């Protein structure tokens, strides 16, 4: 947990695995002034190599599956994956369609699930706040 | 970054934090100019059309709504319209008005979203923050009227599931007034800020002839002088009873696409006021059979990105025989290669963003080829390259000062 | 006479074999059903003479031994002409890309999802199925089912 201590703000990588976009937009909305996820010290970063948390949306399409794994492997330890939205959690409304795996945890380990279709900015903030608290408490 | 002497193939993607969606571009560079582009789509393909055949019409309303998380009302309405036509249902006028109201509010949230994203792609993040803060006004309104910020669950076969109450009308008008004021400011910004005009003009050129030949739709086509808008040409819902202008522009470039969307917002505010003022009384739904008689129909809808086309074939059961969807971005991607040709790599992010791409709509589904000299470029890296490239040439949009707070 | 009815009349006048196979479903919708041999002539007449300058999309249909194709054309002013034809699964339709350069993507979609054969299409990437999708599996065919619920394994 050295890295958590060194960095006050967890850096998040946002990865869309074939989502409709609603959750992705709500993640970005969570960073805009009204919701301001940044006050929790959360920063959105563009590269896997510098991130602590992967925020994934979407049900994981077949086309993107190997890239999801590759990106996950590029994130250095310690790392956590958050499934944002119903699709990332269980496939959502796309559960069972021929080109989806029906959820992020079918492919990589997930630490937290934020439900919703889409997950609202408030739910996203709540989810991240809870996760960060858990980390602080050293669980 | 690129080598001046040779053609370098630069694969870009498929992870684009700024665009939020996975797609892939292979760009051939000669020096800093793009000589060829190939686009690889399919990362968002989920199998929705097959899914529609395996689910009932009622279930499909919820599935089709989620083709896209921005224009969900577009897809949902286009779908139910086709089903209603096959079933010979007459949509109550009040339902038509409510659908149109949510449709136009969706256009507002979508165009404001686009304005912010466009700002980000040229390094003008202040614009992103302001426009997305303004956008929250309409998101709150949509949530108040329908129960959700996106994926409204408003439509059903035969009408709408929620009514608008008289108590909600003042909220609607208040939001429209506030956003119209803000949009006027954005128009003023676009028209008076030299730096912005410099940054957006003359890039992503698409002639009127090419726009027609390549099948461009929506604001992308209208910014090349193509006078087409489904709301006027093939009216659906309540559009036949509204007065509005179709906004076109002759610039044929990214600046034109900006001007068209801003103009459309102004038209939309007027339409929303008309809808609220003229909303007829009456039922919001008509009884629809679970089993739809055999038949077929094509429904067209002017989504924020352009014409959305749905074909439905019914076979007498409670499940469709076939559902085919052509979202607007699929039509517009055919023009992107043309727009990028002979342009600078520095302009790629904003030129692509200017068609307002919704790859989610397109794929309802980037192979990175390795070549000698090929590098994979992340999208954000490309955006930053563009920002630096322009700054070196004296164009720095991040220096633009924006005025004041929203009236919320 | 409405726009749609005028188009119907012109089609039947030019192609008498279309009698009874063209109708105006409503003011902005014309439907035409044509044999494969006569398709090109009717298609070009609509595009060149009757100015249906926009190809919205091509819908594929699994009709057993044949594939059905619906070419959804539109023109300025809102009128659509939906041209239906069919082709045996092992035979080819000719590409419409010389007329509609952007239309190749709709044809590639038919090839991936229905196994349609389209002759004359320029080289290009398939769309929309993933690179590791097994050959010969066309998900929109009626008898196609995933081996298990959810995505097939490679």
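Labels A, B and C are assigned to the chains in the order they are written; within every chain, residues are numbered from 1.
Criterion: a contact is a pair of C-beta atoms (placed from the backbone, for glycine too) under 8 Å apart; a residue touches a chain by one contact, two chains touch by 3 or more.
Everything quoted here is computed from the prediction, not taken from an experiment.
Peer 1: Of the chains present, which has its C-alpha mean closest to the combined C-alpha mean?
Peer 2: B
Peer 1: Applying the document's contact definition, name the chain pair with more C-beta pairs in contact, B-C or A-C.
Peer 2: Higher contact count goes to B-C.
Peer 1: Of the other chains, whose C-alpha centre is the longest way from the centre of chain A?
Peer 2: C
Peer 1: With chain centres defined as C-alpha means, what is the inter-centre distance between chain B and chain C in Å?
Peer 2: 25
Peer 1: Hey, how far is the Cα centre of chain A from the one of chain C, in Å?
Peer 2: Centres of chain A and chain C (C-alpha means) sit 41 Å apart.
Peer 1: Can you pull out the residues of chain C that are in contact with at least two other chains?
Peer 2: 129-131, 139
Peer 1: Do you know which chain B residues sit against two or more other chains?
Peer 2: 42, 45, 47, 50, 363, 365 - these are the residues of chain B that touch more than one other chain.
Peer 1: Which parts of chain A, given as residue numbers and ranges, touch two or more other chains?
Peer 2: Chain A, residues with two or more chain partners: 61, 63, 96-100.
Peer 1: Enumerate the contact residues on chain C facing chain B in the complex.
Peer 2: My answer: residues 25-26, 28-29, 53-57, 59-61, 70, 72, 74, 76-80, 82, 100-103, 105-106, 113, 125, 127-131, 139-140.
Peer 1: State the interface residues of chain C toward chain A in the complex, per the touch definition above.
Peer 2: 129-133, 139, 146, 149-152
Peer 1: For chain B, which residues are in contact with chain C within the complex?
Peer 2: 38, 40-42, 45, 47, 49-50, 85, 212-215, 227-228, 230, 232-235, 297-298, 300, 307, 309, 311, 313, 322, 324, 326, 330-331, 333-335, 363, 365, 367
Peer 1: Touching chain C in the complex: which residues of chain A?
Peer 2: Going through chain A, the ones touching chain C are 61-63, 65, 91, 95-102, 106.
Peer 1: Given the complex with chain B, which residues does chain A contribute to the contact?
Peer 2: Of all residues in chain A, those touching chain B are 13-26, 28-29, 32-34, 44, 46-47, 59, 61, 63-64, 67, 71, 92-94, 96-100, 117-118, 120.
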